Structure formats: structure tokens, C-alpha cells
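What follows is a set of structures for review.
Note that subunit A is present in both complexes that follow, paired respectively with subunit B and with subunit C.
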Partner chain A sequence: MKKGFLHNFYQHNGRVLGTALLVILTFWIGVLIILPQLSMLDYSLREYLPSGQVGEYTLKNYRHLVYGAEGASDPYNYVDLKVFTRTIVAAICVTIFNLLLCYPIAFFLGQVAKGMKLRIFAMLLIIPYWINEILRAFALKIIFGATGMINAVLIGMGILDEPFDFIRADIALYAGLGYAYILLMVFPMYNVIESLDHNQIEAARDLGAPWWRIHWRIVVPYAKPGISSGCTMVFMLSAGALAAPQILGGPSSLWFTQIIYQWFNDGGNWSQGAAYAIVLLVSCIIIVLAFMKMFKVNMGDIGK
Partner chain B sequence: MSAGVGVNLENLWIRFGDFVAVRDANVNINGGDFFSFLGPSGCGKTTILRAVSGFLDPSEGNVLIGGNNMAGIGPNKRPTALIFQNLALFPLMKVWENITFSMEIKGASAKERRKRADELLDMIALPGQGDKLPSELSGGQKQRVAIARALCAEPDVLLLDEPLSALDLKLRQHMRTELREIQKRVGITFIYITHDQSEALTMSDDIAVMKAGVIDQIGNGKTIYNDPSTSFVASFVGENNVFRGTVKKIIGNEALIETNRSGDLLTRISTANQGKMKVGDDAMMFIRPEALSIAPRGTQGDHFVTAQVTNEEFEGNSFNIFMEGEGGKEIKVALPNLGQSFESHKGEPLTLEYEVHNAVSLPAGELATE
Partner chain C sequence: MNNLFLRVSIWVYLGIFFAYLLGPLVIMALTAFNSNGFPSVSPWECFTYVWFSELFQDERILNGIKNSIVVGIGTVIMSVTMGLSGALILTQIWPKLRATYYTIVIAPILVPGVVLGISTVVFWQRVNNFFGFGPDSIFADGLFLTIIGQSTFIASYCMLVLVARLQRYDMTLNEAALDLGATHTQAFRKILLPFMMPAIATSAVLAFLASFENYNTTTFTFGDYPTLTIELAQKVRYGISPAISALAFIIIVLTVFGALTNEALKRRKELQAASSGDTVKKVDGGFRLPTFLSRNPAMIAVVMLVAAVGLSAVNAMTHNPGQCIAQVQEERQVIRALEAAENLRALAERRAAAAAAREAEAAANGEVEEPAATPATPQGGSTGAFGSVFAPTNLDGAEDGEAEAEEGEAPDNPLGSVFDPTNLSTATED
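Presenting the complex of A and B:
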């Protein structure tokens, strides 16, 4: 923080508004973000007592994720660990898929489309999100179902002989997750790409660059902050999604959030659920930071 | 020095919907020349440049570079390099990467590129600045990097779209000289777009003056300045005093103009209009401020003008007198400052004299608006 930040802040906003902003900000960060997480952390480190009393501090809940219940036949908790790994890998795949899908859209919106075309295209992207997430997930379930539109078309065209089970193959789940967060990927990228001086693209072209090279050397490096904030959001949200896996997931495929949900809700074991949730949160943060390090993105760029 | 590659525009039309941006342009640019398109903003000069560089397809007509028709050839395949008005340096690449971007595309090794970048940096007098980012350079330095980046592509034709307009006056004047020197050194054809007539005059071999999509005149600086072919050129290039009237008499290549306010004045008919002006035609005659001098008060004759002095100013290199002209326009006289003493004539009538060959008469037409 720069020296005299508060002074400048007050000078800019005035005493009353400045104080109000500070109070709101402190409340938001402190009460709505930090405190709940701290209480989750506290829960996760305490022994679960059915009577609702406060238990002793212990690492038992974390141990459970790795080694399973005491006295279990397997040396490790294979079921939960597998679901955890699968969730993370699937979330990464969804993120990459979304990135590949949304980059052309963002480029089209930011550099190619003009005026009316741009507005219509942006509206087409936004309007589906007026429908709530659960409804959208059910709609996808119907489309991907055995008697759904996609199977009907594929069978009608003679590509398939009998309906393909998109739900069991998790295709419906990935499509649902991907679709749920498209806007979160498109708009940060669009924001950055839109601010790229079109002359940069023309200059590269004039100097002999083919189109893919222009993207690789000019547009993508410039759009990196947008790409990384889009990816971060999509990854975090798909790893933490609950509705889509619940509705679109196959009978055998569990998402890690579903296990957390079961601990909290069905099992009533908040301590165990909190430990799982903390593990998911910390892992996601570590993965995001690792990717940011790998692609040399600064934390400050994310906000751009 | 190579002979350079010429550029020809043949019957070039460029339309955007109903709007005609360029109307039947025919230009032959000699290889190795510094050629300028000069005109006010919106006259279509940048459109022509975009057609030459390949970013825009002409509606009709052809662009030929080195005799080859460029139709259907994209900007990345043409032997041209464009310097953008805002330079468009790549902000995330270092200076040396910027300069050698065209080599990177051709697959040159980093070592080769580094070497070439250093050579070019020496040429543009920025040695050792290769590892900086463009944002760390000053305006003039960025300018030079943009030139080096374009030259690195080894184009046959360098296209410049008002590249100096963002610089301050001193630097602009300095860069003019520098650009001209670079052009002579590399010997390739430069096509330069500008709305600044002094830029065009100081740097160019030839100039095309444009107005609303039409090329009014093509010629070297002296011709454009001394022998304009339209009233637009006469009024756009440099300062000029205009006198409106009708042709009273034609004597060879001279015309006696019966002006609305200043009596009958004898002038030279501009070369392009000789034989075309007839007695009774509406005409405009132009005299440069520096071609007027003070004569004994009240002298009568066909090369004397008498008018009331409204204002005077001292500009350093000249002493300017403003006199009542026609239609609210002033007649400006610029007397060179040779150390003499200037008498004030404010509010008095003053008689001016000019030499007939310095006054040009043209068919009445549009004037450039300031």
C-alpha cells in the first residue's frame, strides 16, 4: 500500500463517503468472507460430537479423507480420493474446453463485430442466463437424454443405431458445466481484447504474419490477464459446482462437492464436511497459483 | 542505391456504400521517390494508402507495385510496409523483438534477429536500446523504432500514414530531415500521407494534392506552390491572397482580371489552365503574401493594389500587414525582416506592388477552408 493511501482516499471520496466505503468494505471482507471461512476452518479441526457440543482440536477429519474411517479394510480412502482427483482434473478440462470455445467468441466480439452485430451477438450470449441454473441443467438433461433431441437427430441421420447414453458418459455433465460458465470466460477476455488497438493486428499482418501467428504473438499475450481471470473463475466455479453434477452427473459419477454436501446434510457431520471443503478450497487456490506462476501472470493483472 | 520499385494507381475508385472515398485516381510513382499525398483530413489519402498496402480492395481500378497487379494479394504478401499514424508498436515485445518481428515470422534464429536489430538500431541512432520496452522510449525514439521495424521487413515500398503528427513541432521538423535522409540511404520508394503542407514540401520529390477523393494536382513542391492548377491547391498549399473577378482580356499566357474590389490586375495564367480560360470567365487570382511589396502611395496600374491597413504584426522573420480584402478575407503581406525599420500604417490606405509572374490566375473554384 502506498504511503498516504488513506489520506488520498479521503481526499478523493470525502470524509463521510470515505468512511462509509471503508466500513462497508471491512464488513464485506471481514464478516462475509473471512469470518465464515475461519469458522469453517475451526469446525474442520474439531472432533465431531453428535450432541452439538464443541469437541477437542484434532486432525482426524483431514486424516479421514486420506486414510478413510478407522478400522476400514483399505489402507487409503480410495473412493473419496478418486472423486477428489477426478473433480479437479475434470474442472481443469472444463476450463480448457471453455477457453478454446470462448477465445474465438471473445475475439469476434472484441475486434470483428461492430455496432448492431455486436449488440445482437452479446444479447444472444446473455439472454439464456435469464433462465436459472437448475432449469438450464434440467433442460440439458432432457436434450442429452435417451429420447432427447441430440439422440433423435443422430439416429435420424443414421449416425447412431440406438440412443447413446450421454449422461452415463458424463458428456452431459461437461457440457452443462462448460455452458454454465461461458459468460465468465467470454467477458473478461472480451474486455481485454476489445481494448487492443486494431492497428496492432494490422501491423503484424502487414509485416507478413499469418492469422494464427497474429493470435499467438499479439492477441493472446495481450489478452493474458483476461484469459487468466476467466480461467480462474471457470475453474473455481466448476470445481465447486453442485447443481450441474447433481442433475447431469451419471449414476456412478460423484463430484467432490457432492461428498461435502452429503457430510453436511445427510451425515450431519459438519466437522468432516468442513475439512473436505477446506481441502478443496486450498487445493484450488494452489492450482490456480501454480498455473499463474507457470504462465507468468501477476496477481494484479487478474483484475484488469 | 537500387533503382527502387515504382507504384502505379490506374483508374482507382474506392467506394464505401454510396460514399466515394477515392475518385478515379491515376498516379505514377517512380521507384525510389519520396511521394506525398497531401490533403485535408477526410480527403481520401489514407484510403489510398490502405489500398496500396492491401488492407482495402479498390472498388475499381488497379494498384500496381513494380508493374505487378496487386489484386487479390493480401497485406502480408505485398512488398510494402506500413507505418501507422499511432505507430502500433507491440507493447509487450522488447524493442529488438519489435524491430525484427518480420524476421521472426520467416523463421530467423534469435541470434540473426539480434544482429539485424543491432544494425538497425545503429542506423536509427538508438544503439543499445534493444532490450527496452516501447513504453520506455520517448515519442521520437518510438518513431524511429517504427521506421526500423518497417525497414527490417525489407519492403520495396514504405508507406507512412502521418507518422509525425503526434510529435511536437521541434521534433517533427527534426524527424522530417531524418526521414528524408533514411529514404535516400535505403533508396526505396516512400509514400507519405500528410495534411501538413510544409512536411510535404520539405520532404517530397513529388506531391499529389487531394480534395474530397479527387487528386487535383501532381507535381514537385515548386510546381505545386508556384504553379497550382486549381483554386483549391492554390489556397491549401501555403498562404495565399485571393482576388475574385472575371477575365477581361487574355494576352498570350497572361490574363487581365477585372477584380471585384481592386481594379484590373494583370496575372499569369497557371500552366494547367493556359488556353482554357476565356474572356468573361469567372476567375480567381492568387498572390502569395511574400510576393507583395510596398509601393509609393496611390500608384495606379495593373500590378498595384490599394487597400486599408487593418492590422499589423511582427512575427520575427517577417513583418505582416493585414489589409481589407474581399468578403471579409484579409490581404496579407509578409515583408521579410532584413533589419530595416517598419513604419506603422495602421488605419491608412497602402499601395502594394507585385511582379506579374508571381500572380496566378485560375478558373474560379472551391477554396480550402482553414
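Presenting the complex of A and C:
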């Protein structure tokens, strides 16, 4: 069968072009996507030698995440495990927050707004997305700072007596993560909701359904592919975010990617970092697949 | 009634949503013009352009921009090429393989950027070692690694954009060209490529922007070539300055300009398509906008934006906030002097209080020792042995405390000698 495909392919594209396409694609999938991941997996299973040579196979790097360094006083590596759990739970919370925040605007843009209004809103949505991620985090840092806008307003209104440290309380971090990926939540949902026939909503309304039931029984089931692909992207990106935690995170709280970063840059143990990265990747994939199974969505719907 | 409530709540919601989305950017942009050294809006000091000139004198930022552009160009070339071949093969691949293929090709978008960066570095180091090259070979080069690492996932974005257009391509065009004697390569170059050109342009712009703002992958791969984003992140992490706000302002203006221009051109094309049907031009009386502006609010906005930037550039030449800054500094000095005086007084008070506390403690220690020495002494006294020691006024000053202690001393109190000044001094020595 495979040969039949190749034969057809060459007939369709000609020899030169066909070969060029295959070579480029093989380079991308093989050398850029698959081999590096395998290489990282292999690396994470080996002893780290600073010389850059490869060491013996060992499970030490994974054991470190669960049990901590050998000879440590605690039976488990509470610090890293706590950061890991916190990262995953916080990423899920950020995703839910974004879903709740963005569903109305996606519906509004997809079904209610028309013409000029739609264009203006779409543009207002896109512009922040093209501003650098670092600068967006910086903007939130200015606002949430001790002398920032929010504290000034709250004190001015008499709600607070003295500045509240939003950064230490991690409020700035969660706001920043939600802020960074709003667009990735809005657009997949908007694309699906826009294709919903407005007559269905009209029909439900004529039959006497209240507005919340129209959403629950018609719009949400229809928009499920968009919702799931938006949620997947926001979850994966916030769990894997590095810039926002580095800039907005409190001094005492870490994000799991920051631990990976430390192993790589400051700790100088690449194998350890690779093992942690694999753990992050695999657990994110498992969580996404589990949620997709729970809500009965197909993989093919993602990215549409 | 219910309808009105819904409508109002929708607008309130939209207000909150866009305030969350745009508010931080607007405030950041404003801080670029405040002379306050810490980026802020609320104590507004002076309107100034000084942060812009500081920005343009920053060697590291300029170097970062240069590196970003080089990386961006490399990434655009690689990812558009790979995305195009990925898209072409997706439309032709054996249907049963398609889902798997699609998953593999889309996966890099979902894989955390940190993972992509690490895997790229690790893999190419292996390759480098395999060939026995040194640490300054191309495979260990920051520029090379960054371009490769970014292209891995940016190519997926490009592919998504390109597939959308490719699905509208009429394959019979290709067959017609082949029937007329064109080679496959000619058909590709003369028919498919021109058709794909708009999508290629879009994906190239997207790829460049994605490369320009990438941080997670680049932070592992950049080596000796820090891009602008890396430089910004380092600056923001270790102390923030309004010069970064100035850069943000420039980027925001450029983005708004790009978005508006794009919108204006689209609108113009639509208008042209609509008006090409008219055989007779409409005649309007009175004032008319130039043709390229009429019925095109986006274009008007572009023109206004350009005018505003031009005006502020002219203003920047002549604007001199020196007087204002001097005034603010003067005010600040006055405030600072007042604060210093305040601090001095507070310090003196605190010192006195500390001394009193120390003495009180010493007294208490003495107190505890005393009963041990004379166990039969009755505890009940006139005001209680501890009473005066813990009196709030006692903390006001050392002298006061002593006075108080002496006052509390009742002649017939068996613990009276505890508060004897000489007793205190010995206790302190303990």
C-alpha cells in the first residue's frame, strides 16, 4: 500500500518536485520533531557527565523527582512534587477561568456582532496578541506592583489601607497567564460558533427556551470542538509557560518550567532537566487525553 | 425588562473584558512618557521623551533587535518551506494515514516551548559529538540552534495557514498545465505558487512575528546571540525601567499601524470590487474626502496615526521637560527632607522605647529571681509587683520608666527593693 502511495505521489508531483517535498518533510518530521524528542528521552535516562559525553543508563533522574537527592532527610522530594502539582492545578484553573471569560465574547463575535462592530472587536483582540509576551507580562507587573495602578485605586477608594503584594500572593501570575492566552481561547471557539446556523437559536427561542438553555443545549454542544481545542492550547501553554512565572511569580513560589530551567542553566545537569521536561510533557499529554475522553472529543478536532 | 438587563450586562461584560485585555497595554504605553524613574502613571511627574533616547542608546537592545531580525528571516524561510511541503503532502496523503500524519505535524504547537528548546539543544549536541566537531562548530552555534528550534513549531502554524488556501485550489488546473506540456516543476512554479502567494505572504508574516516574540524555546538555544525577547526578559527580571515601556510603546504603535493598514487595504479592495459594477459615478455635493479615504474608516485611522506620530516626533525635538523635572525634584527634596525629619524623630522614639523595653525586661528578670531567693514573701501587694513594669507609659522612655518604677514602689511592699535603681543596673549587667 505504501508503495502504491509513493508511486501515485511521484506520478502526481513529478520526480524533482516529489523528491524535494519528501526530503523537506522528512527533515522536518524526522530531524526536527521526532529525533530530538527521542534524543531527549534517551538523555533523561542516562547519567549526566559534564564533559558532554553520554553516560550509563539509569533511572536516577526520574527517581530524583519523586524521592529527592540520595541521602536527603525527607522520604519524598516534597519541594519539586509540590511545585509540579501546583503547576498542573494552576494551569487547569487558568484554563477554566479563560473558558468562562472567553465563551461570551466568542458567542458575541460569532452570532451577535455584525459588520463594522465585528471588525473593530476582532482587531482589538488581535493587537494585544502580537505584543511580545515579555512586554505583556511587564505591563501586568507595572499594574500589580506595590505602587501600581490597582493598589493606587484600591487605596484611593478606601478598600485597602496599605499596598497589597499581588506578586507575592501569585495573583499577578495567574492574571498574567490568563491574559497571555486569551486569544488562543477565543479564536477556536469563535470559528466554530460562527458556523452555527442562527436559525437554530431562533427556533429554540420560538419554542420558548430561556437563554441559558439555548446555550446549554445548542451552542455549547455545537461548539465542543472549538472549546476543546481552545482549552487544550491554553492548558498546554500555561503549564509550559516560562516567561510569565519568571517575571510575575512571587519570590518564594516556582513554576515547574522554572525548575527545568534551573537544572539546565544554573544547576548544569542536563539529564536531570531533560527528565523533568519529559515528565512535564507526558503528564500534560495524559491530562489532555483524559479530558478529551471525558468530554468525548476527537484528536482530529484540535487545531481546526 | 429582562431583555434590557441582558443587554446591559453584555456591555458591562464587554467593558470588563476589553479593560482586562487592553488596559495593561495602555497604562504601560503611558508610563513611557512619565519622567518618574519607576514606570508608573499615578504620581504623574512630567511629560518627557527621555526614555526613548535612553532606549536608542542601549547597545544590548539594539544588538538584540539585530539578532531577532536575522533569526526571524531564517525562521521564515525554513518554516514557510517546510509548512508548504507539509501542506502539499497533507492534501495528497493516503487517507488512512492522514489522521496520524496530522497529529505528528500539529504536535509541535502543543508541545511546551521549553521541551522543544531542550530537545533541540540536546539533539544537536549529540550530532555535534557524533561528528567529532568542537564547541564552535555550526551545530553548536546559537543562531543555528535558535532558527532550528523555532522552525520546528512555527512550520506547523504556517502549514495550517497554507492548508486552508490549498483546499480551495482547483487540481484540474495542474492537470491542464501538464496536458499542455509543462513539466511538474513548471506547473508548480507558474500555477500553484502564484495561487498560494497570498497565503505564503500571510504565513511569512505570522512566522516572523512568532519568531520575534518567542521566548520559551529561544531561552535554551540562543547561545551567543541573544534576541530582543531574551534581552527584554533579562531586563524585566532584574529591575524594570520606563525605557522598556518606551520600547513597548513603539511596538504597540507599529502593531496598531500594521493591523489598521491591513484592514484599510482589505476594505479598499472590497470597495473597488463593489464600485467596479457602477457605470456612472455618483455625484455628491459639498465636501468630499479624497477617494482613498472615503467610506474607509480604517484608512482614516491610519492617516491619523501617522500624523500623530509625526507631530509627537516634531514635539520631541522642541519639548523640554527640564523645568518641570527640576520643579518635581525640588518638591521631592522638600518631601524627602520632611520624611527624613520624621524618620529621625521616629528613630529616636524607637530607640528610647527599645531602651525602656530592655530595662523593663531586666526588671522582670530581677523580679523572677527575687521570689526564688525569698520564697515565703507574700505575692499580694498594693498594685501587684508586675503592674507598673508593664504599664503602657513605661515604654515612652527610659527615664519615664524609672520614674514610674520608683513611683510604684510602696514603702511597705516587700518587693520594693526590686525597683531600686541600683538593682536595675546590676540586673542589666547580668
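In this text, the second predicted complex is superposed on the first by the 276 of 304 C-alpha atoms of A that agree within 3 Å, B and C clash if a C-alpha of one lies under 4 Å from a C-alpha of the other, contacts with A are read in each partner's own complex, and residues count from 1 in each chain.
The definition used in the following text is that a contact is a pair of C-beta atoms (placed from the backbone, for glycine too) under 8 Å apart; a residue touches a chain by one contact, two chains touch by 3 or more.
Just so you know, these numbers come straight off a predicted model, no measurement behind them.
*Asks:* Overlaying the two complexes on subunit A, which is it for subunit B and subunit C: clash or fit?
*Replies:* These partners fit in the superposed model.
*Asks:* Would you sort A:7 into first (subunit B), second (subunit C), both or neither based on which partner it touches?
*Replies:* The answer is neither, since A:7 touches no partner chain.
*Asks:* Pick one for A:82: touches subunit B only (first), subunit C only (second), both, or neither.
*Replies:* In the superposed model, A:82 contacts neither subunit B nor subunit C.
*Asks:* Using the superposition on chain A described above, determine whether A:117 touches subunit B (first), subunit C (second), both, or neither.
*Replies:* neither
*Asks:* For A:202, using the defined touch cut-off, is the partner it touches subunit B, subunit C, both, or neither? Pick first, second, both or neither.
*Replies:* Only subunit B is touched by A:202; subunit C is not.
*Asks:* Identify the partner contact of A:182: answer first if only subunit B is touched, second if only subunit C is, both if each is, neither if none is.
*Replies:* Touch partner of A:182: subunit C, not subunit B.
*Asks:* Treating the CA centre of subunit A as the corner point, state the angle out to subunit B and subunit C, nearest 10°.
*Replies:* 110
*Asks:* Specify the partner with more touching residues on subunit A, choosing between subunit B and subunit C.
*Replies:* Subunit A has more residues touched by C than by the other partner.
*Asks:* A:260 contacts which: subunit B (first), subunit C (second), both, neither?
*Replies:* Once the two structures are laid over each other on A, A:260 reaches subunit C alone.
*Asks:* Measuring by CA atoms in the overlay, how small does the subunit B-subunit C distance get, in Å?
*Replies:* 9
*Asks:* Could you tell me which stretches of subunit A are touched by subunit B in one complex and by subunit C in the other?
*Replies:* none
*Asks:* Would you mind writing out the residues of subunit B in touch with subunit A in their complex?
*Replies:* Touching subunit A from subunit B are residues 53-55, 74-77, 80-82, 84-86, 88, 90-93, 101-102, 104-106, 149-150, 153.
*Asks:* Flag every residue of subunit A that touches subunit B in the complex, lowest number first.
*Replies:* Subunit A reaches subunit B through residues 197, 199-200, 202-210, 213, 217-218, 221-222.
*Asks:* Enumerate the contact residues on subunit C facing subunit A in the complex.
*Replies:* Going by the criterion above, the answer is residues 6, 10, 13-14, 17-18, 20-25, 27-28, 31, 38-43, 81-82, 85-86, 88-89, 92-94, 97, 99, 102-116, 118-126, 129, 148, 151-152, 155, 160, 183-185, 188, 209, 212-213, 215-216, 219-220, 228-229, 232-233, 236-237, 240, 244-245, 247-248, 251-252, 255-256, 258-260, 263, 297.
*Asks:* What does subunit A use to touch subunit C in their complex?
*Replies:* Where subunit A meets subunit C, its residues are 1-2, 5, 8-9, 12-18, 20-22, 24-25, 27-29, 32-37, 39-40, 43, 52-54, 101, 104-105, 108, 112, 116, 119, 123-128, 130-143, 145, 147-149, 152, 179, 182, 211, 232-233, 236-237, 239-243, 246-247, 257, 260-261, 264, 270, 273-274, 277-278, 280-281, 284, 288, 299-300, 302-303.
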